[in-house]
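All chains are identified by letter, namely A, B, C, D, E, F, G and H, in their written order; residue positions are counted from 1 within each chain.
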Amino acid sequence: MKLMVYLAGEIHSDWREEIKNQAKELELPLLFKGPMENHERSDHIGEEILGSQPNAIFKDEAASSINNLRTQIWLNKADVVIALFGEQYKQWNTAMDASAAISLGKPLILIRPESLHHALKELSNKAQIVVETPKQALQALSYVFEEN
Amino acid sequence: MKLMVYLAGEIHSDWREEIKNQAKELELPLLFKGPMENHERSDHIGEEILGSQPNAIFKDEAASSINNLRTQIWLNKADVVIALFGEQYKQWNTAMDASAAISLGKPLILIRPESLHHALKELSNKAQIVVETPKQALQALSYVFEEN
Amino acid sequence: MKLMVYLAGEIHSDWREEIKNQAKELELPLLFKGPMENHERSDHIGEEILGSQPNAIFKDEAASSINNLRTQIWLNKADVVIALFGEQYKQWNTAMDASAAISLGKPLILIRPESLHHALKELSNKAQIVVETPKQALQALSYVFEEN
Amino acid sequence: MKLMVYLAGEIHSDWREEIKNQAKELELPLLFKGPMENHERSDHIGEEILGSQPNAIFKDEAASSINNLRTQIWLNKADVVIALFGEQYKQWNTAMDASAAISLGKPLILIRPESLHHALKELSNKAQIVVETPKQALQALSYVFEEN
Amino acid sequence: MKLMVYLAGEIHSDWREEIKNQAKELELPLLFKGPMENHERSDHIGEEILGSQPNAIFKDEAASSINNLRTQIWLNKADVVIALFGEQYKQWNTAMDASAAISLGKPLILIRPESLHHALKELSNKAQIVVETPKQALQALSYVFEEN
Amino acid sequence: MKLMVYLAGEIHSDWREEIKNQAKELELPLLFKGPMENHERSDHIGEEILGSQPNAIFKDEAASSINNLRTQIWLNKADVVIALFGEQYKQWNTAMDASAAISLGKPLILIRPESLHHALKELSNKAQIVVETPKQALQALSYVFEEN
Amino acid sequence: MKLMVYLAGEIHSDWREEIKNQAKELELPLLFKGPMENHERSDHIGEEILGSQPNAIFKDEAASSINNLRTQIWLNKADVVIALFGEQYKQWNTAMDASAAISLGKPLILIRPESLHHALKELSNKAQIVVETPKQALQALSYVFEEN
Amino acid sequence: MKLMVYLAGEIHSDWREEIKNQAKELELPLLFKGPMENHERSDHIGEEILGSQPNAIFKDEAASSINNLRTQIWLNKADVVIALFGEQYKQWNTAMDASAAISLGKPLILIRPESLHHALKELSNKAQIVVETPKQALQALSYVFEEN
């Protein structure tokens, strides 16, 4: 029985590759989906599909409508959600996706550096587990599959 | 991972074929379902199965009960719904299906000519994205699958 | 025990007044809510609150976001929804609200002139009852309260 | 019919007072709830009730469990949620509450300075309306109550 | 805190009066709702509101659409449902309402003569309690309110 | 895409075979599940697994707990439910299953002889379609699959 | 705005009185409900209403059906659930009610002596907060109401 | 059509093996999942992944967060849940999982020695069936698959 994992969170490091590689090494039956990681493309997809927009706000609205389409489709199909927060950026869409997962009854694994513990304390409290590295998240998923 | 797409909307043009062909060209793992497109058959299916009805209203009620059966079954299984509005016809069943999709937590892609923007403004506001052509709808779905 | 009734539908005739007056005459414990009926105001409310928009489509989007806010709040609190369709206009927001009510498990009373029976056949099939006049809708609600 | 409004968001300015005062002036039947606004108290409530914790992370976990208790109780009872983002701070709990509101089917009014439009674009797209000032949020709620 | 009780079931005996009188004697804070008990009226309400129908089946469909409107409204508001089955009649609407209550998460008290135990065994198994008399149903509700 | 059909209803005729055979002839991708049709076995399964019971009522309770286990498992997985009522028997479990299907958002096809129209009028009104023969039910399902 | 609190848990000490008294002292707008605390009565209520049962197991089944009726009614109406575990007894019904509360989206306050931390670790992890005394539970609820 | 069975309950006997072996013998299309049965590992998994914790309570909290992750993932995917209670241990997590299954609309098969009937009476009343041995649980599942 395969599990579908949605990888929410920042797109400026290669943490998703790290997780996918370790899953492959451990031969875990996991299927991964996530947001567009090409930042340029993610910002421009609205105008690419919907055409030129009047200003930066409307350009953002166009792009986010398509990014949210992608997120909603995969989040609906996910069995578990991993959300990673990094030191930089506001990452409010990550918090939004993480909270949506919880509301949908899907367990959330939160990855964050210890330095963010205070700012993330309410979301940490709602997450099923909180870890500091992608490797720990995968250890937890590996444990889920462990045969007795 | 395949996605199931329900194609709600008018049945007087070949927009569904356009979408299916482009999905094939792009090799997207999409499965399409939709309403009966043979208009005659859709109007007569009630009497065909349930027998002659007392008048036109009851004939319509009989037909719609079976058309709605079809819609409910496929809408329940859909991952995403595309609804297309054309210039003609009332298309209230399209609006009904589109709204049902939203209420079921399924993302809605709305296709409509720019000329209809005012009449469709409330539904547009509820849709996840609004486009003008089937091609744009498929571009959005293609983006959903894009590997990073 | 009071019931809350949401009155969806066209805002170009005084059908809501007709219903409210009859409810008062019959002393039915009904509380009514509905959309903004001042058409001008409904179209301009977006720009009034959010400021000038780049073009007619964005003006519509701004207005509908606020009109939908109003609808969502009252629809969530409604015990029953009455939706009236008139001969004119597209009225897709009415179809959208009616369908949302059904999806939320709230009974729908549909009022439409007989002439619209074909165009409304799928929505009629989903409605709990279909009538032709506001008076009939209120007769049905009166029956709901009738003591044995 | 009174509406219950949950005021999510930052607790370093007096925006909630601004909203409450305007609601009083306009005589709107609104009841407001929100998080603990005394920042010190919010941070220490965990240790106050549960006793001294081993370190800062556990102190945060204790505090957030009680802050989330408060939020969950009032959010469950809210008819509409207003979330305000300011220029400073991570405000991930605000994003979490806003997203939870949407998932619960409650309309979200998002208040944010224009400068945050890019960082908040995905959440803005999910909100029912996006405004820049508390006054605009209240204008929208006033419109919800406007008699025709 | 008052509880709302929906009294589903046959309308040929005065069991509802029995329950209401005992509730009054015991001063239990119960509010009762139920179907139209005037059998004639219940059968004719469709034609009374919707006009003459083509035949007996359509007359029944018209009547049941309005009877179900009444049931759906009150069932949605009920805190507990009592369903009584008598020796006579098919009473399939009673079984339908009882099952709908269970699906909605509302506890069901089933009243039936011992003679019906076999025919009602699957529904009995789903009911929260099964009794033989209205008096027993009220004893159970009285126990619900008993102060310790 | 295969559909799972739950066949609720009486177990004294071979109507399920009729449906399964026609589905095979028409090569429809349908998978059928239903209750235990061996009446003896259905009545005794409680005592067979749970041991001898004190009296007929407890024997019935034991049997129905296991029959309902079977029904709940397959009903949860069904895409559409067909419920057939015959002239004889109370068939309250059929009404219960039919109503549960509706509450779960699964479309119901009701099969009943015309003679039962009055007794089944409320359930007919809730069903998505009402037919008189198993063949008609399958015609409707065939229509659901019909390619345009 | 009053909150309804369901007090699940053991009935051999006066912890509920302690909570109610403190709520009164603090003038908190709380309404309390809970199980029958008279142990004798709780064990015999089945036979009292349903008559003598064949053996101890059936007597228990009869009693629990009525105790669960009481619990389901009040749990459905509760805004928050407090569950207290004591040193003695299995208290599986307490665990059942606590888990049901969580599944229904209602926040759970768990009270348990420190000595039970290991046996209750999974339930503690699901609870919104875990405390050791009724007084702490009430402190938390007091914080919920604290005006800023 | 395969069914997924979650095996909740004590991990000190080999009852899961017993069930799996019998399912194999009977060639039932069942897939089994359950908690970590290695007791040591289950208690230490928190510190293994999250590192050393300040004391026994925090160690338990860390472990249970990961055990609950495992349970939530598999429970969400289960078609039916079997929960076994033994004579020893508190087993509150078993009661919690059993209750969660019921709340999620998944049928519960409860296995318990007769000696526990009183302590488990409320949970027994909520379970779909109650048996004394794993073999009986499998007999019931075998009956679910029995072809007519």
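Basically, a residue touches a chain if its C-beta (ideal position, glycine included) is under 8 Å from a C-beta of that chain, and two chains touch if they have at least 3 such contacts.
The chain lineup, named per UniProt: A, B, C, D, E, F, G, H = YtoQ family protein.
Note that this is a predicted model, so its numbers are computed, not measured.
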Next item on the list: Tell me which chains count as touching both chain B and chain H.
Entry: A, F
Notebook entry, point to check: Any idea if chain E and chain F meet via the same residues, over half in common, or different ones?
Noted result: same
Margin query: Find the pair in A-D, C-D or D-H that has over half of its contact pairs, by residue number, in common with E-F.
Written below: A-D
Check: Would you say C-D or D-H is joined by more C-beta pairs in contact?
Finding: C-D
Margin query: For chain A versus chain G, what separation do you get between their C-alpha means, in angstrom?
Written below: 37
Check: If you average the Cα atoms of chain B and of chain E to get two centres, how far apart are those centres in Å?
Finding: 39
Check: Distance from the CA centroid of chain B to that of chain F, rounded to the nearest Å?
Finding: 30
Margin query: Going by the contact rule already set, what residues in chain E reach two or more other chains?
Written below: 65, 68
Margin query: Which pairs of chains touch each other in this structure?
Written below: A-B, A-C, A-D, A-H, B-C, B-E, B-F, C-D, C-E, D-G, D-H, E-F, E-G, F-G, F-H, G-H
Next item on the list: Within their complex, state which residues of chain E touch chain B.
Entry: 54-55, 58
Margin query: Going by the contact rule set out above, which residues of chain A touch chain B in the complex?
Written below: 4, 11, 16, 31, 33-34, 36-38, 45, 48-50, 65-66, 68-70, 72-74, 76-77
Notebook entry, point to check: Within the complex, which stretch of chain D touches chain C?
Noted result: 1, 3, 79-80, 105-107, 109, 128-131, 136, 139-140, 143-144, 146, 148
Notebook entry, point to check: Of all residues in chain B, which touch chain C in the complex?
Noted result: 56-57, 60-61, 63-65, 67-68, 71, 85, 89-93, 95-100, 102-104, 114, 116-126
